[in-house]
Amino acid sequence: MTEGTDRICAFSDGVFAIACTLLILEVRLPPGVEGSLWSALVALWPSYLAFAFSFFVILVTWTTHHDLMRLVRAPDPPARLAHRGTLLYVTFLPFPTAVLAEHLGGPQMSTAVAFYSGTFVFGSAAFNLLVAALERGHLFRPGVEETVRKIRRGYRITFVTYVAATLIALVAPWLSLAINVAMRVHLLRIPYRPAPEVDTRARRLAP
Amino acid sequence: MTEGTDRICAFSDGVFAIACTLLILEVRLPPGVEGSLWSALVALWPSYLAFAFSFFVILVTWTTHHDLMRLVRAPDPPARLAHRGTLLYVTFLPFPTAVLAEHLGGPQMSTAVAFYSGTFVFGSAAFNLLVAALERGHLFRPGVEETVRKIRRGYRITFVTYVAATLIALVAPWLSLAINVAMRVHLLRIPYRPAPEVDTRARRLAP
Amino acid sequence: MTEGTDRICAFSDGVFAIACTLLILEVRLPPGVEGSLWSALVALWPSYLAFAFSFFVILVTWTTHHDLMRLVRAPDPPARLAHRGTLLYVTFLPFPTAVLAEHLGGPQMSTAVAFYSGTFVFGSAAFNLLVAALERGHLFRPGVEETVRKIRRGYRITFVTYVAATLIALVAPWLSLAINVAMRVHLLRIPYRPAPEVDTRARRLAP
Amino acid sequence: MTEGTDRICAFSDGVFAIACTLLILEVRLPPGVEGSLWSALVALWPSYLAFAFSFFVILVTWTTHHDLMRLVRAPDPPARLAHRGTLLYVTFLPFPTAVLAEHLGGPQMSTAVAFYSGTFVFGSAAFNLLVAALERGHLFRPGVEETVRKIRRGYRITFVTYVAATLIALVAPWLSLAINVAMRVHLLRIPYRPAPEVDTRARRLAP
């Protein structure tokens, strides 16, 4: 039954890889630039920043997704639906990134950052639903209970943080972005590696 | 000979993953927005709706495609041609999605929904031809006759439904969209899992 | 050493899948359409035709590429360079397709078809160079000599046909397109399946 | 533990394949061309040149990346971060390519080439950091010390060359491009194949 997981992971990898590569299509010089090209390139800093940030968000999400799916035997229909929600979020991300790039440092930055951060609320909700569906269906591999418990708690904290960051964006957009960055650094540190038992088995199988 | 199927499936996975990720490129703010960014983002609801719907259509089609191909030994030239037709449909979908997004709720919505729904008629025709070609070439794995019979019937009902939805679009476009949504929910419920024999074999092979 | 071929094939599969999916981005309604949406959709027929034709060209090229690479042990540097040329051709194809779509049936159709057909001359040259490099490096699997001889002859005929089609485009563009279509139908019929020996081995390995 | 490397390589392959295929989206005829289509197609030579060059850069980088990762057991967090930097560089490349295409042969070519070449400085820095992280973490396979030593030296030379090419671009942009081309030809010649021991093992495993 791991066939299903493998295929879903390969498909998801494709979606993640495409989504992060498409981001660059939103970085473009305004048509008909007059004056110095150098100034025009420098003036694009919000686009670079938004591009780099969303790029790292997608890669961190990919790692998270990867580490989570390694713990799963096979998804059932509700888990598949939740999983599609996570992919919908990743696929959608280039749009709020473009909105952010256009308004970073501008008068409507609050709205742009709230919209951007709100996308993460949606994405985090999808991941929380996915874990809930996997738990309800008893679809995790045996021996990873402790890891799953940590992931679940980590995801809940993440969700609350994104909600807070979205609200904070309305009054302090730069602070909101900083919280988002800090969250990703934190996410990469959640130790949701497989439990020792699984690790041992993997080590035995390795050449 | 499963090598051929594997490679075709991997290629198709790529096409499905790219097609659903490209959809977001059609969601964009009109250039030179005056006034509130918030209103502009809210005014894009037809784009979000069209994006989300086509995204789920592609994912459902991917699942359908995946489940169907698992039953196949190897495609022959006619089956390959029909299979290319299914990929052509998936690849084409971003265009009717963009048309739908632009006209949802507008005065020419009937035309846009008919065009959108008509694309599914074409896609469904390709899937029906694929099953017919696989049957004529005796290319299904042994022991899946009952499943194939159910799939064939399911695909025929789907085809007729899309034709009906396309015609209905001309007078009641929202009803047509509702039928399309209902169809997808139904499609996910067709039990075209492998026949028991195959399942057993898979369970024996699993660790 | 087949590891090298596997990885190159997987990478190439990605390029083929993306190239054929990107084609749809060139199909778009002119901005600010007045009048009937239906007429505007119908007026896009050159885009649909160019899209469908290039889509099938890429899929036929993918099959050709796939069948050829199955006969190869491992590419050496010159073969890799020629292989990159074939990918360059596939990657470039969306541009001449867009040019063709814009000028099909227009006053400058001759130029557009010559440019489009000329792209196939370049692509075919790359495939001929690839076969030559593989032969010079003795990189084909043993037992496929007869198949390779047929492929080589088929590729040479293809090359000459594309050169002819490009020249014909200057005076009779529709005839040139018809020759291109006929060529693809023919290409799919070249029997460059593996030699019997290889086939037998594959059949023995299959369950 | 090679599972991690496999998955990362598959993901990276996707990013490389998409990045090089997206390049063509920047090659487009100016809207509303008057006069000869042929002249317009010829006038696009800077776009063709920039497209072809970046295409080969991405393919050379892919080969480099592939050959490097074959020597790695498994990346640790710092190596993963550096690896993400290399992907960021590949993903970013379509933008400087578009800038180059627009300004090749124009009055601001120096700036465009410096920006383009500067992107390679960033990319090369990421690859140097990756090798450093892999060495610090003792993450290379046993028996490849000599190969790694050659790679490290090659990467350092590459880095210095790109810095020089970027500075040279400010006064002699064509020379800068020529250095960049020469560098890639050189890169393909670095003999960072696995050490003999590894090769032998691979040959033993091969059928």
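Letters A, B, C and D name the chains as they come in the text, with residue numbers starting at 1 for each one.
FYI, a residue touches a chain if its C-beta (ideal position, glycine included) is under 8 Å from a C-beta of that chain, and two chains touch if they have at least 3 such contacts.
Keep in mind the model is a prediction, meaning the values are calculated, not measured.
Q: By that same contact rule, can you tell me which chains touch subunit B and subunit C alike?
A: Correct list: empty, since no chain touches both.
Q: When subunit A meets its copy subunit B, do both sides use mostly the same residue numbers (more than half shared) or mostly different ones?
A: Copies use mostly different positions to touch.
Q: Rounded to the nearest whole Å, what is the centre-to-centre distance of subunit B and subunit D, using the mean of the C-alpha atoms as each centre?
A: Once rounded, the distance between the two centres reads 37 Å.
Q: Could you please state the distance in Å, as a whole number, between where the Cα atoms of subunit A are centred and where those of subunit D are centred?
A: Centre-to-centre distance between subunit A and subunit D: 26 Å.
Q: Give the residues of subunit C that touch two or more other chains, as numbers and ranges in rising order.
A: In subunit C, the residues touching two or more other chains are 10, 14, 18, 22, 25.
Q: All pairs of touching chains, please: list them by chain label.
A: Applying the touch criterion to every chain pair yields A-B, A-D, B-C, C-D.
Q: Spell out the residues on subunit C that touch subunit D in their complex, using ranges where they run on.
A: 1-3, 7, 10-11, 14-15, 18-19, 22, 25, 77, 80, 84, 87-88, 91-95, 98-99, 102-103, 108, 111-112, 115
Q: Help me check something: in the complex, which residues belonging to subunit D touch subunit C?
A: Subunit D residues touching subunit C: 10, 13-14, 16-18, 20-25, 27-29, 36-38, 41, 51-52, 55-56, 59, 62-63, 66, 188, 202-203, 206.
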